[in-house]
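Quick one: structure below, then a few questions.
So that you can tell them apart, the chains are marked A, B, C and D in the order they are listed, and the count of residues begins at 1 in each.
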Amino acid sequence: MKAQRVEMFVCPMDNPHDTSELQRLADEGKLKPDTLVALAGKTEGTGLFDDWGRIWADVALREWTARFLGIGVDKVAERVIFVLSGGCPGVITPHIAAVTREWIDAPERTHGDKRLVVGRAGSEPIAPEEVGRMGMIDKVAEATRQAMADAGLSDPADVHLVMVKVPGLTNASIHDAESRGKTVVTHDLTFGPEGAGVYGNDGAALGVAKALGEVPAGSLSDAVVRRNWDLYSSVAMTSSGGEKRHGEVIVFGNSTTSLSPLRIGHSVTNDFIDAEGVRNALRSAGLKFDGLPSESDLSRLVHVFAKSVIPGSDRVRGQRITLLDDVDAYQIGKALGGMLVASVTGRTTNYVSGGERNSHQGPPGGNIVAAVVRA
Amino acid sequence: MKAQRVEMFVCPMDNPHDTSELQRLADEGKLKPDTLVALAGKTEGTGLFDDWGRIWADVALREWTARFLGIGVDKVAERVIFVLSGGCPGVITPHIAAVTREWIDAPERTHGDKRLVVGRAGSEPIAPEEVGRMGMIDKVAEATRQAMADAGLSDPADVHLVMVKVPGLTNASIHDAESRGKTVVTHDLTFGPEGAGVYGNDGAALGVAKALGEVPAGSLSDAVVRRNWDLYSSVAMTSSGGEKRHGEVIVFGNSTTSLSPLRIGHSVTNDFIDAEGVRNALRSAGLKFDGLPSESDLSRLVHVFAKSVIPGSDRVRGQRITLLDDVDAYQIGKALGGMLVASVTGRTTNYVSGGERNSHQGPPGGNIVAAVVRA
Amino acid sequence: MKAQRVEMFVCPMDNPHDTSELQRLADEGKLKPDTLVALAGKTEGTGLFDDWGRIWADVALREWTARFLGIGVDKVAERVIFVLSGGCPGVITPHIAAVTREWIDAPERTHGDKRLVVGRAGSEPIAPEEVGRMGMIDKVAEATRQAMADAGLSDPADVHLVMVKVPGLTNASIHDAESRGKTVVTHDLTFGPEGAGVYGNDGAALGVAKALGEVPAGSLSDAVVRRNWDLYSSVAMTSSGGEKRHGEVIVFGNSTTSLSPLRIGHSVTNDFIDAEGVRNALRSAGLKFDGLPSESDLSRLVHVFAKSVIPGSDRVRGQRITLLDDVDAYQIGKALGGMLVASVTGRTTNYVSGGERNSHQGPPGGNIVAAVVRA
Amino acid sequence: MKAQRVEMFVCPMDNPHDTSELQRLADEGKLKPDTLVALAGKTEGTGLFDDWGRIWADVALREWTARFLGIGVDKVAERVIFVLSGGCPGVITPHIAAVTREWIDAPERTHGDKRLVVGRAGSEPIAPEEVGRMGMIDKVAEATRQAMADAGLSDPADVHLVMVKVPGLTNASIHDAESRGKTVVTHDLTFGPEGAGVYGNDGAALGVAKALGEVPAGSLSDAVVRRNWDLYSSVAMTSSGGEKRHGEVIVFGNSTTSLSPLRIGHSVTNDFIDAEGVRNALRSAGLKFDGLPSESDLSRLVHVFAKSVIPGSDRVRGQRITLLDDVDAYQIGKALGGMLVASVTGRTTNYVSGGERNSHQGPPGGNIVAAVVRA
């Protein structure tokens, strides 16, 4: 019988094209061409539309991976999933987390504690007219189910993080849809509140929610996307980009069959200043503490993945904030999430993405936090 | 014998000229013309040089105070100290804290617990050539001693917060100095690292440090200002502005003679993500808790005053951050401090100022936090 | 017979609440309570959603006008139209242009040259569900016709500038509409490409275009708003704000019956760098020059009103620009229009509004320019 | 006898690492490894300190050049001068201008019209304590004289553009200087008014001014740098960066010995909205027109190089502007220069750098413009 052994290596990057830590891991044999399954990280720069830091990092990491795997750059996407979130405002260290998965011949495990597994799947092609609508939701849901199967997971309760990348809209894809007599969900190509970016993200999030049964059967329709915020996933972290034609899903969960030294957990924050939500994610992953985690607890913490979506309301615990009217809200919103997490983890190498306003990723006003610990 | 009774009322503001909460307190008799001694708060807007939100609030609050006191607007500054810090990025609620001081005939207190007192003083006029130099340091130190005396404090250990406003530089005042054959510390009128704004702030902070004995006698000279960061105050929160000719100082401390229902304490953060430093300020003020403060503890918390100066280094606990290169660092830096405090206090009505890089207010990389609690 | 005599006074403002130039004109008798019909200008600040400079100027100008007219502030809007465009990035001097209209007993004019007239009208109330749709278009069209009649104009060719203010959308008005079973054109409250701000602006612009016959009869429908850019007005400058319930229209044109010393003209720029379009507006108003206007020509120029809407395409005369991807595009776009006009007029006191992307105000990629000259 | 034949090719870039136009020119034989002498251009991105667009372009262009020349990347700087100015706000097309110089055996020219020549030189190493002081001024002056000699120019009146790159300051180089007991001109590493960036730029500009006799002998000293704005060059465009240890100078001028098909000229703008200054540069280069250049004139225009330094005063032609207080002044200032030039040239592929406040590059309030035309 084959069992998974999953590892995660968090590599700080000194500039957008710094692959030295990855190379060091490769030289040490910790990364191998046939075990590397995902690279997820934060790239330095503004995180805005014309953030060349993210784009340069993407190019540099794909070129490094192609060399490492001995394949063409155009083949890299078939082997390794890239999730690069741009923008490290505040106290977020630019870094890349490398995820490896080894299949080990092993006797069936007898003890019951669950350990980290990962699974991946690609979705059917998603047409422009499906972005942010049921078409996308259904296809992402199906891919999520396949990725769970790839991970060896069947119970949604064992799933703690689902990272998804889906196509967004572009002028070209809108034109394509409309020339075929179809409509698209929006003509706004930004990440603003009616932008294609957030419709793509949120369609994907609801797809995960559907697959995992996080929303009532029958509650989903085109009309609820970015309208009914009571429908959400607590484990989906999604991003969308115009350049892709199908979705990519990577599922992180725990399984008794795993031989990994790691375990994952998750929780949500209930509002924008809810540090206890971050601590609950650490507890969910297996750290046991009242009040605050100890140094010893934190030494077992491998990585945190968190969203920092801006609330739709200008009230936090009853008091007004002005964030929604701030021209820099996108970056400040992301920076605030970075601080909330860092103030708990005691470190700045955390994966925190976000900045957009409102989302089906996490509850209204709150956000998702997942944590990976050494078991 | 007369004893002080000091109160503090935290009033959220719905817009820059919202004085409705102050008026309500006045109508209820909680504010009286002869007891109002200070208005300190955060005004909404960008906090940048051309932030009309702060300027409008300043005009509106002075006009309200003039009406309330029945005096001319030009006389308001003689009666009430205004400390308005502009910019509420992120999770900082625009608000004004009104401080009142009543002198009550009272028998000498016999029990020993210390309670809040305040004292005020104006400095000698500070010439442009003294800004950010020993001239300012000495005059602020003298005014700090006078304000301590006004507060009835003699032991520096009883002082927990000293708010200071001093003159900055303007094109006109630089011209004035140079026409008299004097030099000025800088020609940069910004709050950049060599700007007049930070030289003024830091001269004032070292003046407080001198008065309180926080720095070794003989360690101060023109040459150490914004050069030797090991010299700093742990209780000085200072601001500078070109329109003033002398400094204003308000000292907050605790005294056994006080009849106040409040007590103040302070601590410092040791780096930019040090939430424990914020908790230590609450403990210093008298909240007793291990780990995290309880709801009951927080219900006794009246207000927090904190700085959020950006570190001079691009490392936090050994990892690189990119904040120093960020064009929005001033606002993000302030926002991060707001989050750090709010994540501990569980509320967004906190006074958090800052954004500049490096300061003699607090230790290198860290910041000052003061807390007022109901005793 | 009564004839109009219209004057326009351009008053620089030294800060958002500077009404000193208006007061000076009033003291000199150039402004009179019964002749003041409009105040149109540029206020300093960012021009963004939370620009307190504009809001403070609005409050201060209305208070001044109320005192000047001897009426309550709440009655000011019935007597004087305010058009305050926020944001003076670059080379735009904050200023207010006061427009006066006197009715003079006069024999019928016999010579034929046309002079400036103005007319005003309010629209029927515009419901939230009508914003950016035919409801708004029709009501603005009707108000434009009434304002033309008030100005004594019947030929659309005599109309050179129509300034319009209409209601936008707010969370409250959207809720109102939806609670009555209506839909609204967008849920995005920003000035982004699918924002309520631009839908309001563009509904109003098409209303003017309809009234003046600038678009083919039957070409208008809900579906063309912000979709078919070939439909546009060459004289409409519109703005929208959530606080209003009906539209306000002020029409500027020329008439042989006028006794004004001024004349107005207009033209459009064909792309974002088309200085000749600005010069053509000056020519349209009556300045006669080949090539460049002379100093003598410019001494007769009273004021220029221009839009600076960002093009929808990233190509200018075949070459790529990156403005559309720039996070500061709103302010830079406005600043660029200010430079284009100032480089022609030789002064910085020009009214230039804009910054949004694409509009039915002016041709695709180009903008409207109107000029008032001393005849 | 050998005569120069200089050509200039303006290549739009579609992204920061787009070298396709350069490659096309190479494939067509227009660029040859032994004739390429300089690449000067504008790179897309913010132009700010952390602008990865500029850095990526720099890496990509050097890698391309190394391949083209068949040498190592570390040898490229010895062969080709790179002048990459970051930031294309507004209407500036990202582009690179390739300059080639061929030495042709030719009989002595008899006719007298002057044509384009270029010359290059490196300076002596410039120590950190010399940055922005006489040490830098003298070394840049000497290198300018050498570059003139390399160009075959002896009369400063024939020099129309001198592009210079010099070392700036870094934390490391400041530490180096101070550890040797030296002082540095500033500790501010920004491009603010007292920043190392502008001190470096302005030291270099005064070096050019000294070499060309643009300032009175004996007028230069450490004390005048960024203090006496009446001392300036009308042809120096300079930049500074911490990574270099010596200066690089490239001189563009006209000579009767040249066999080039091009000619260069220059002028200055007298204030920030002076379009006539731009037109004068075109005239200086040999385009003959009153008023406005014709289409035919513009078809002969090869390229314009312009600075857009923000004025030190808040008045333009007597009216106040708010640019100096604008947080985006750096980018808006650059964008405005781009518009001023584009409104004259009728194209967006212009080299416009700047954004800093005040400079010895050009007269107070004005800027330098150089133009290259096909003779």
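One rule holds in what follows: a contact is a pair of C-beta atoms (placed from the backbone, for glycine too) under 8 Å apart; a residue touches a chain by one contact, two chains touch by 3 or more.
All values reported here derive from a predicted model rather than from experimental measurement.
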Smallest number of contact steps required from chain A to reach chain C: 1
Numbering shared by both copies at the chain B-chain A contact, with half separating same from different: same
Chain pair with more C-beta contacts, B-D versus B-C: B-D
Distance between chain centroids, defined by C-alpha means - chain B, chain C (Å): 45
Inter-centroid spacing, chain B versus chain A (mean Cα positions, whole Å): 41
Cα-centroid distance, chain B relative to chain D, in whole angstrom: 46
Where chain C touches two or more other chains, by residue: 44, 46, 50, 322, 326
Residues on chain D engaged by chain B in the complex (per definition of touch): 46, 48-50, 186-190, 192-195, 226-227, 322, 325-327
Interface residues, chain D side, partner chain A - complex: 16-17, 44-46, 50-53, 56, 59
Chain B residues within the chain A interface of the complex: 12, 14, 44, 88-94, 272-275, 290-292, 316-317, 319-323, 326, 328, 331-333, 335-336, 339-340, 342-344, 346-349
